[in-house]
Amino acid sequence: MDKVQAALLEVRDLRIALSTRRGSVEAVRGMDFTLARGETLGLIGESGSGKSLTALALMGLLPDGAQVTGSIRLDGQELVGLADAQWCRLRGNRMAMVFQEPMTALNPVHPIGRQVAEPLRLHRGLSARQARAEAIALLERVGIQRAAERLGAYPHQFSGGQRQRITIAMALACGPDLLIADEPTTALDVTLQQQVLELIQALVAERGMALLLISHDLAVIAGAVQRTLVMYGGTVVEQGPTRAVFSRLAHPYTQGLFAARPQLGAGRVSGLRLPTIAGTVPELADLPPGCPFAGRCPRTIAQCNAALPPPVALGEGHTARCIRLGDNV
Amino acid sequence: MSASAPLLQVRDLHHHYPLPRTRLLGPRPMLPVLHGVDFSITTGRSLGVVGESGSGKSTLARIAMALETPASGSVQLLGRDLHRLAPGALRAARRDFQMVFQDPYGSLDPRQTVQRIVTEPLRALGRPTRAEAAARAAEVLAQVGLRPGDAHKYPHEFSGGQRQRIAIARALITRPRLIVADEPVSALDVSVQAQVLNLLAELQEEHGVTYLLISHDLAVVSHLCDEVLVLQGGRVVERGAPRELFAHPQHPYTQSLVAAVPRLVV
Amino acid sequence: QAGKKDSVTLGMTLEPPGLDPTAGAASSIAEITLYNLYETLTKINSDGSVSPLLAEGWEVSPDLKTYTFRLRRGITFHNGEPFNAEAVKFSLDRAGGDKSTNKDRRTFAALTTQVVDEHTVVVINKDIDPDLLFLLGQATAVIVEPKSADSNAAKPVGTGPYKLGAWSRGASVSLLAWDQWRDASKIRIRRALFRFIPDPAAQVAALLAGDVDVFPRVTPRSMAQFKGNPRFQVLISGSRAKTILAMNNAKKPLDDVRVRRAIAAAIDRKAVIQGAADGLGVPIGSHYVPGAFGYVDTTGINPYDPDKARRLLAEAGVKTPLTLTMTLPPAPYARQGGEVIAAQLAKVGITAKLQNVEWAQWLSGTYGNKNYDLTIISHVEPLDLGNFAKPDYYWGYQSEKFDQLYEQIKNATRPADRARLLGDAQRLLAEDCVHAFLYQPQWVTVAAKNLRGLWKDMPVFVNDLSALSWA
Amino acid sequence: MRAARLPRALRHRSLVLGALLTLALVAAALLSFVWTPWPPYEMDMDSALAAPSRMHWLGTDAFGRDVASLLLVGARATIAVGVIAVGIGLAVGTLAGLLAAARRGWVDELIMRVADFTFAFPALLLAIMLTTVYGPGMVNAIIAIGIFYIPTFARVTRASAQAVWTREYVLAARASGKGAARITLEHVLPNIAPVLIVQATIQFALAVLAEAALSYLGLGTQPPQPSWGRMLAEAQTLMLQAPLLAVWPGVAIALAVLGLNLLGDGLRDVLDPRMK
Amino acid sequence: MALFVLKRLATLAATLLAASIVVFLVLEILPGNAAQVLLGPDAAPEAVAELTRQLALDLPAWQRYLQWMGGLLTGDMGLSHAYGTPVAGLIAERLALTIPLALLAMLLASALALAAGVYAAARHNRLGDVGVMALAQLGIAIPNFWFAILLILVFSVKLQWFSAGGFPGWTEEAGGGPWPALQALWLPAVSLAVVQGAILARITRSAVLDVMREDFVRTARAKGLSRQAALLRHVLRNAMIPVVTVMGLQFANLLAGTIVVENVFYLPGLGRLIFQSIANRDLIVVRNCIMLLAAMVVLVNFAVDLLYAAIDPRVKVAGA
């Protein structure tokens, strides 16, 4: 069996329309990607570019009034248009999610043992005792010390890093095939961030899960995933092996993103400015029909506004949506 | 005053917070937060403070801003001990030091227009006429790169980066000598973060503003600051110029901090 | 259904504070206890006449001062103690004694009771009072048993046909027929339940739902619902009560008889009766009611005439609008009547400021401190002309002429003289226009169709259970 | 700014409906000063309890007074009760709540304990005691209801104000040298206003009902002055003979209450600059 | 936790002491006296004076206050002026009705409100929501005395399912029993519950809506819980926190609201006892009743605080 060949997740032309006060707008416009078992995929991009919406669409948890079109296949099964009861059988079982804010992602009034055991009882039909034993094992695996004693403790009795570990334990409970982590470390400080990321990577390696990691921290993505998607304005503007994307920096937006990072250890240089991307992200309803980055991009030409540029192949699965890739400016 | 004289001088700061009583008649237990923090900043330079969550960074900022009274120690701005000033004098002195907060969403009153927000420190200091206030507002908004028309909008109509600019404009309006910025860019996207950092640098170079910059992002601190303090558990464990400090951390805590920073090795 | 027919449920508006009529004046006490739990020497009948009860018979001396009662034999109290002359002497002495809290204490204080033998007592009255036999049939004159007398409020002991069953405070009092009563076999109603229902709408609902069988003195407004209903009988009975618009005769400008006459002339009694009592009342012109001994019709003395009222006010030199306060106790007749009268007075230039007061406030403010101009009140005491002779009564009425007249009435031993004098007194009060005399109220009793034995008229408040039966 | 907000307000459906109903209430009260179909206090015993007709649009009451006229005049009492009672509660309660939130410590403790204490006397009891001491009547009833509202408003205010005090923009205001009083006035109050508006409209409704209950117990508005509550209380005894008599004031109260609630909800939305 | 309870109990005692002084003073101002009311206007003045002496109403105020307080401390509430029976017994009899009535009403209101509020929140902005909220609006606008009579007309007079009022008592010897007693409380409880339930329904709805927007609900859904399951297991308990506060506040209102309903259904409850006693100037009863009510309100709020701690584990930390 060739594991890498069999795509676990296959997303084709995913579009998400939201109903807002200004009418229906497309927040995600035509995403295509595949994810194999054991593969790790990173999603980076501007705030508001649709990263979280994509993740929620994969979990079937979009807010009321959001419309999904296109196709999402998990192991060949079409998920778009699935009834809620069937979604419930998948969620927490075959696919699981870790959220950004560890405090608000846990129910403050339930002990953590119960919250970790919940998916086990739900999907595996374990008895309370079995689920408890399993929960202890899980919590210990994510590094909660003396887990058995702390099952009855409430979320507020844990530190931020511990809470995030608990949410990870919860997500891993039923051994999902796909783990989606939406900015799992943004709320943590650097030392904790490192620990949590290492934990996730260890678990992915250990269990052969597929991982979709969302972050806007380029360094985090660089260290954690094999392939990367760069999103802007609801579309994937560049995708490919992480190494290739980060070294080639094909799309102007990717370039701008990289340039804007302050460098640790560079030290202060008077008069030095960080290169920035001019302008601000357009509102969803105001997104141009063409390249969403047009307008802010230094290379914009009239043609950019005409239509969404098609992905241009750059070798070994590396593509970018830009009509001026070859041009030097 | 000569450029090398310290603008802000903090001496042996101690602080603790009371915890809820555990016994009816016993003394309230205390949570120690700062243990003898000492530093000074020269006019026109920036000092960065880094440290893990809960190490007392924000407490330090609030004490430096005279928003909280320390248990002991002194904060001197231009030679005056802020915590010994009479309330009226302190209010007048606030002209010289202003603050920028972490959360660009929470630090602007959602029910006030940008003009009102930005001119708040002016109005707190005296009674500017409407025209004066408007003129000053337009001036600082221009300084931070916002359009004059933005003065009559509400905060929700701006992006995070723009809001942080509004917050900075508010801090600038009294032409302060010192700006204390508590995590001014942590909530921002990389591309927006760069805009704000540039703005801060520009203001310093053009107007000689002094910064006390608090952040947990070492890269941000190293980009903007001339000197860095590393705070752990309320103590300064290490200090120095960012370049040397992060290249050769001495204290084990600093070392672990630097090691934890994810690096982009391409 | 046969089982139900020996019990009856009566509705009452107010709950009595206790069951001792010698220690409280609330009419609700009498309504439950009189002739049921306790008995008196004489019995007042529906038509106002007096017949023997505990006394078999009596002789009255010609000077109306000495009364010799022959007591019934073989009677015991509920607790087994015998009823005899000693008990009578104890009861009457107690009612007039130093420790007495009997509201008619003054009447009893004038009596001296002598035991002649086991079954004969002589009662000597210091004053002349032709109505003494009537007074001895009232609830304040009940004969109590010496040992139990002080606990009567909660554990009543009397000689009546019924004993207290249970009193669930705030809700109901039940009475059970007492098997050892002298005529126990004649009692048809074995159990009577008094339920206290203050809300007029609830009273109607309780009757309609069959929760109560009879509601004596129900709020008149409710009557319409039952008039044409075959399940119910509606009894309208006369009373000895006088509903008046009392005026503070001592206070300016009401000390001027012209002003008082003007007020009386401004009032259309018909409309008042309609508004205050839903038409259930007979207009009166003085402090005396049709059907009472010596009644004369004085309604023509101060007839309804708004023009005259305005004229009188002008004559008296009163500047209109004249503002007067009118205190209104809580009873519906007062509150509703107040609205009607205020509207009528307004038409002649008198602004009546209505002040609704609680009963306790009325007693302390209006009655006690005489702090009022006008007030609407029903005087239910049957024979109370004497109040006009009291120097510091709340009306502030002072008339030597009337005082003399009243002295003569008290001393008149011949009925014909008394009748003439009473007529003079009524006319005098009407001419002096002491109050705006409004009407004699009529009580409405709504009862299940086949309940028999209800009193036709009600000179005193009483529910004579022993007379009741189901058809 | 004003002009920009107005059309937005007009598009808000519940606000418009609420405003219309509230306006109707105020208009009825104002109209009653200059015109009523019949003189409101004029009795006519012969046409008592008449059914609605062309003469008397809504029929007559037990004294033969025109119900429509009484309803119009009664609107005054309804407004007075609601406005004054809520006014007292709002003014004193909000002040106490703001003070408690601004001062913290023992001031807070004291204010809240006093509020608890006041709260321990249920509204009706308070009203009964007040009206027996100072005589029944609308004014005393209103004051009693108002006093009872003080702790309610104090609590609501304190809770929301405390939340505002933890916001960073308050810290920013302190950093620019503003004292507690100015911060309360400029930041806290505007930000808790929506909560207070909603609370006030709910309490207004409850005040109208409380007045009705007091009237039922004979302690509310005194005759001859009509109030909807008193009309309802009086109609209650005539439920079987003239059920419509209870319907009119009932409907009037319901509409007024509905209008105010809608208005409150709508105002909350419109006053929020974030809502577009 | 123990400290928390202790502190609250101390405040409770202080509150009640203050309440006793206020209550006593306010009632002192009331015009009129019990003896005059009991004996009526036609009574002989000597009789009134004698009764005043017997009731000890002629003592100076501070002596009566001390007597009252001294009695209370030894558990003796004194004798009712009007009934002449111990006040404690009177109140106990009335509480046997009022407390079950208030509880039943609260139970009804809560059940109704929770069901309606949760349903409306689940169908947010759809027809069901609008309908339920419109009903709630109506419920708030209906005075309870009026609704009570309506209930009586329909269920007692027309359908004859319940008696029109009255209370048979909880025991069989009083002519009642648990079942008839409960039946007698049904209609009064409903008429009390309507307004409170309507208010509570609105609060519940908005509380549920607020909690539904919380992140942990999304987490629960991400675990595979269905909408309903997430609502039941994760939303409800969190939404209860504001709802319980309001319920605590309402309980006080409910206790007082019983005065009106007790009047319509002629129930021998505490509210009517107070009302009647004020009318009779039976001030000793009034004082004790009000103190009792105040104590109950304070206790209920205290219970609400404890309930908070039971619902929300974070509260313990703040309190301890």
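Each chain gets a letter, A, B, C, D and E, in the order it is written, and its residues are counted from 1.
The rule we apply is simple: a residue touches a chain if its C-beta (ideal position, glycine included) is under 8 Å from a C-beta of that chain, and two chains touch if they have at least 3 such contacts.
Bear in mind the structure is a predicted one, so any value in this text is a computation, not a measurement.
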item: Number of hops, chain A to chain C, where each hop joins two touching chains; value: 2
item: Furthest chain, CA centroid comparison against chain D; value: A
item: Inter-chain pair with the most contacting C-beta pairs; value: C-E
item: Greatest separation from chain B - chain, by CA centre; value: C
item: Computed distance of Cα centres, chain D from chain B, in Å; value: 47
item: For chain A paired with chain D, centre-to-centre distance based on mean C-alpha positions, whole Å; value: 51
item: Cα-centroid distance, chain D relative to chain E, in whole angstrom; value: 23
item: Intercentroid distance (Cα basis), chain D paired with chain C, Å; value: 45
item: Multi-chain contact residues (two or more partners), chain E; value: 30-31, 149, 153, 263, 278, 317
item: Multi-chain contact residues (two or more partners), chain C; value: 199, 201, 208, 330, 358, 361
item: Multi-chain contact sites of chain D, meaning residues that touch two or more partners; value: 132, 236, 239-240
item: Chain A-facing residues of chain E, complex; value: 214-216, 218-227, 233-234, 237-238, 311-314, 317
item: Of all residues in chain A, those that touch chain B in their complex; value: 46-47, 160, 188-194, 197, 216-220, 222-223, 243, 246-247, 256-257, 259-268, 270-277, 280-281
item: Residue ranges of chain C in contact with chain D within the complex; value: 199-201, 204, 208, 219, 221-222, 224-225, 270-271, 274-275, 330, 335-336, 338-340, 342-343, 346, 354-358, 361
item: Interfacial residue positions of chain B with respect to chain D in the complex; value: 62, 65, 67, 90-91, 94, 98-99, 101-103, 106-113, 117, 120-121, 124-125, 152, 154, 156, 167, 170, 174
item: Contact footprint of chain E on chain C as seen in their complex; value: 15, 17-18, 23-26, 98-106, 153-154, 166, 168-172, 174, 195-199, 201-202, 205-206, 208-211, 330, 358-361, 363-365, 367-368, 381, 384
